[in-house]
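Two complexes are shown next, each including subunit A; its partner changes from subunit B in the first to subunit C in the second.
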Partner chain A sequence: MFASIMEQLINGLRTGSIYALIAIGYTMVYGIAKMINFAHGDVIMVGAYALYVCIGVYKLPVLPSVIITCIFCSVLGVVLEKVAYKPLRNAPPLAVLITAIGMSYLLQSASLLIFGATPIPFSSIINVKSIVVGGITISGITIVTLIVTIIAMIILTLFINKTKAGASMRAVSEDRGAAELVGINVNKTISMTFAIGSFLAAIAGILFICQYESLKPTLGALPGIKAFVAAVLGGIGSIPGAMVGGVILGIIESLSKAYISTQLSDAIVFGVLVVVLLVKPTGLLGKIKKEKV
Partner chain B sequence: MGKQLKNKSTIIKILIIIISYVIVTVLLKSGLLNRQYTSLLVPMAINIMLAVSLNLVTGFLGELSLGHAGFMSIGAYAGALITLNLDLPMPVEFTMAIIIGGLIAALFGFIIGMPVLRLNGDYLAITTLAFGEIIKSVLISLKITNGARGLSQIPIYSNYKNYTLVFILMVITVVTLTNFVKSRHGRMITSIRDNAIAAESIGINVGRYKVLAFTVAAFFAGVAGVLYAHNVSILKPTTFDYNKSIEILVIVVLGGMGSIRGSIIAAIIMTILPEFLRGADEYRMLLYAIALIVIMIFNHSKIKEGLMTNRTFAKLFAKKKGEC
Partner chain C sequence: MSSNKLLEVDNLNVYYGNIHAIKGVSLNVCEGEIVSLIGANGAGKTTTLQTISGLLKAKTGSVKFNGKELTKMEAHNILKCGIAQVPEGRRVFANLTVKENLEMGGITVKDTSENKKAEIEEIYKRFPRLEERKKQTAGTLSGGEQQMLAIGRALMSRPKILLLDEPSMGLSPMLVKEIFKIIKDVNESGVTVLLVEQNAKMALSISDRAYILETGKVSRSGDAHSLMEDDAIKKAYLGA
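What follows is the complex of A and B.
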């Protein structure tokens, strides 16, 4: 019993860390550009397909493929921002939201046109043997996922807290106008945010595809929406919140799938979100903004 | 003078309703429409009802709702279960289905409207999305709704052959909501959108009116759901995921927030557009997405601003101001 619970917890940690990687993208873009980037989930999908093209079609070795995928997604993120969101910088948030939804459709239908609707099988690029600790089996993918996520998060935290670029990002998210006044290039900072978010989404896409081993144009939609929920759960705009939210969401999902009901697991995940928001209206680690007249 | 003007605009509105009904009848009877477009008539009406009701929450109350398809699914399932399980004559059965479907959806709107009291903005949006998804997964796991396979062989009561009925329901929805928005309650809802704190300080019970807006919107979404169920005859929980909610939201935003007329026009365009693009076949979704992005960017671009300030165009659009 104990071993099975531990295994479920570890499974949850694995899915949760993928959610966390995606959620960081949502939360960073929200914090800085004050918009929900609905196309973010589809960047994961593009990442997965890019990896497939590198490895399955051009037969490149693993490491260059991963690097190409991440760079490709970062560039895609920046292009998305420049083409679709920048012209709407001063538009109402809903207009930007609809544009983001349009972008999401665009990416999905473009990959549907290029790769077709039939799922493409893809064998995992992670060939690490599973290990057994005290009767608990931990698969290779889980180990790699956890290590990669932890490294990515440490680097991200250091980047945001210790570098000049990170400081300018924090400044823009605090107060865009004031940041502009002290000479921060807001456009460049926003582009950088999109690049970092999409880079993390590409990593998430690679880990995701190694786990599910099948590609289809809509694969990004569900993890995308779950990660968005994770970001809100942790308090949107807060990076540690996105990490915590992602992990919690993954664990709840895996435990409810294992012990309650597979069909109801989504309902439970969303139910937890609603309950948390009712108790803490700005998420677990979100800042409470005082309403002013 | 004012009363006369009001009467005049009422007469014009009634005329528009009658004329559009006559046009639909002529198009149907003369066989000018091919089968594809005929089958679009009911979805068009359903989309109008959904968009106008969502506009109450998003446009007039000013809260982003991403769970409208959830209310629609509740109405659809409740209505379908009634007509499937009762063996009454069609008018009785269908009337019951519409009223009960709407009421149950309204009840859920009331329940879901409750968290609104504590949340706002994006947090509220994600909560409505969460509720929509919860409804979907509960529908999948319940026995009475036949799980993921869904309900089938629902009697077809509201397809294009019964377009008069659908048309009447649509007109009732639009007229009711238009009048609701213009009523005292509607004005209070709009005042909450414009400034919640100011509204509260003049004694408006913000929470109550927020819940009211959600409940009314859910009722009409439920009715639209009943019509949907009896048009397609098959219900699947996956039809009502957040993509459906977003589809409705897109109509509302394209038509203009807080504009009922805009919602109607956008609903008509967005129902026809995918069919119109069918000729482009596999590029359909791609074109749809590009159209969406281009429209949104154009709507907020300098080009449009230039056009609006241009004299001739300004005259064309001048009428729009001050109406809803």
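What follows is the complex of A and C.
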């Protein structure tokens, strides 16, 4: 029993890490551009296909393929913002929301056109052996996922808290007008946010596709929406919140799939979200926004 | 006093949607001066400053700095020309430390990190209370300390002109005196000042000239001394 629970916890940690990586993108973009980028989930899909093109089509080695994938997604994120969202900087939120949904469909349709609807098999690029600790088997992909996620989060946290660029991102997210007045280039800061968020989404896409080993144009939709829930659960706008929210969501999902019901697991996840928001409307680590007097 | 016009605002018109907030305002500030812009709530003082700084766009009219047109420029580029603003309500970055706030103020300055550090030390010398609290987040400072931080942050960009929007707002009379003394010191160190105030008495007492703004229009202007002696002004703004 104990071993089985531990295994489910570790599975949950693995899925949760991927949610967390994606959730960070939602939360950073929300914090800085005050919008929900609903096309963010599809960046994961683009990352998965980009990796497939590098490895499956052009037969490139793993490391360059991963680097190309991450850079490609970062550039995609920046272009998406410049083309679709920047012209709407001062538009009503509904217009931005509809545009984001439109961008999501655009990316899915583009990959449908290029790669077709038939799922493409893809074999994992992670060849790490599983290990057994105290009777519990931990798969190679789990080990790699956890290590990569932890490293990514440490680097991101240091970047946000210790560098000037990080401080300017915090400044813009707190008060865009005041940030402009001190001469922070807000457009550049927003671009940087999209680049970082999409970079992390590419990593998530790579880890995701190594686990599921099959590509289809809608593959980003479900992890995208789960990660969005994770970001809201943790407190949208808060980076630690996105990390915690992602991990908690993954664990709840894994435990409820194993011990309650596979069909009900999504309902349980959303149930937890509703309860948390009822008790704490700003999410687990979200800050209460002080109104300016 | 030199009559070299540093900042020239000419026939400025600014709208919020259909609301015509600034109706043909013209004013100028010469190098080395302290000029006040005085007016009641809603007169358009903040709107004028925000337009000069590039946060709001004018519908018509021009803002020239050293002869260079600013109205089409982005805010961060206007700052680089040498125009810094201490905004209404201070607007320090509450979640950033005092030191980080000052660093953000100097973000456009291209210089060695030693010189930037020295710059921050200069600010600490001017405001010793900020040095004591340099590691605290700005949100934990008192109102007066936040005002000093906002001024320090603006000075970090090495401005030629400092725009201040109601620096006395919400401060005790003692602190107001202190802030006005700081403004005078800053001016004496070679920074031109455009000061927005409702506290007309204090503002006029340190100014060379002043403009009176009423519902989006300049109703009076002149040297501070004669405005202070003017009966109509006394009645409307000096509580006499």
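Everything that follows uses one rule, which is that the second predicted complex is superposed on the first by the 289 of 293 C-alpha atoms of A that agree within 3 Å, B and C clash if a C-alpha of one lies under 4 Å from a C-alpha of the other, contacts with A are read in each partner's own complex, and residues count from 1 in each chain.
What we mean here is this: a residue touches a chain if its C-beta (ideal position, glycine included) is under 8 Å from a C-beta of that chain, and two chains touch if they have at least 3 such contacts.
Quantities reported herein were computed from a predicted structural model and do not represent experimental measurements.
In the superposed model, A:170 makes contact with subunit C only, not with subunit B.
Counting the residues of subunit A that each partner touches, subunit B and subunit C differ, and the larger count belongs to B. Once the two complexes are overlaid on the shared chain, A:266 sits against subunit B while remaining clear of subunit C.
Look at A:158: by the touch rule set out above, it reaches neither subunit B nor subunit C. Legend: residue contacts after superposition of the two complexes on their common chain; A:84 is shown touching subunit B, with no touch to subunit C.
Shared-chain residue A:128: touches no atom of subunit B or subunit C. By the document's definition of touching, of the two partners only subunit C reaches A:182; subunit B does not. The interface of subunit A with subunit B overlaps its interface with subunit C at residues 293.
Those residues of subunit C that touch subunit A in the complex are listed here as 53-55, 75-76, 79-80, 84-85, 87, 89, 91-96, 100, 103-105, 107-108, 153-154, 156-157. Across the complex, subunit A meets subunit C through its residues 164, 167-168, 170-171, 174-175, 177-186, 290, 292-293.
Those residues of subunit B lying in contact with subunit A across their complex are 58, 64, 115, 118-119, 122-123, 126-127, 129-131, 133-134, 136-138, 140-141, 147-148, 197-198, 242, 246, 249-250, 253-254, 257, 282-286, 288-290, 292-293, 296-297, 299-301. Residue ranges on subunit A touching subunit B, taken from their complex, read 30, 36, 84, 87-88, 90-91, 94-95, 97-99, 101-103, 105-106, 108-110, 112-113, 225, 228-229, 232, 236, 261, 263-267, 270-271, 273-274, 277-278, 281-283, 291, 293.
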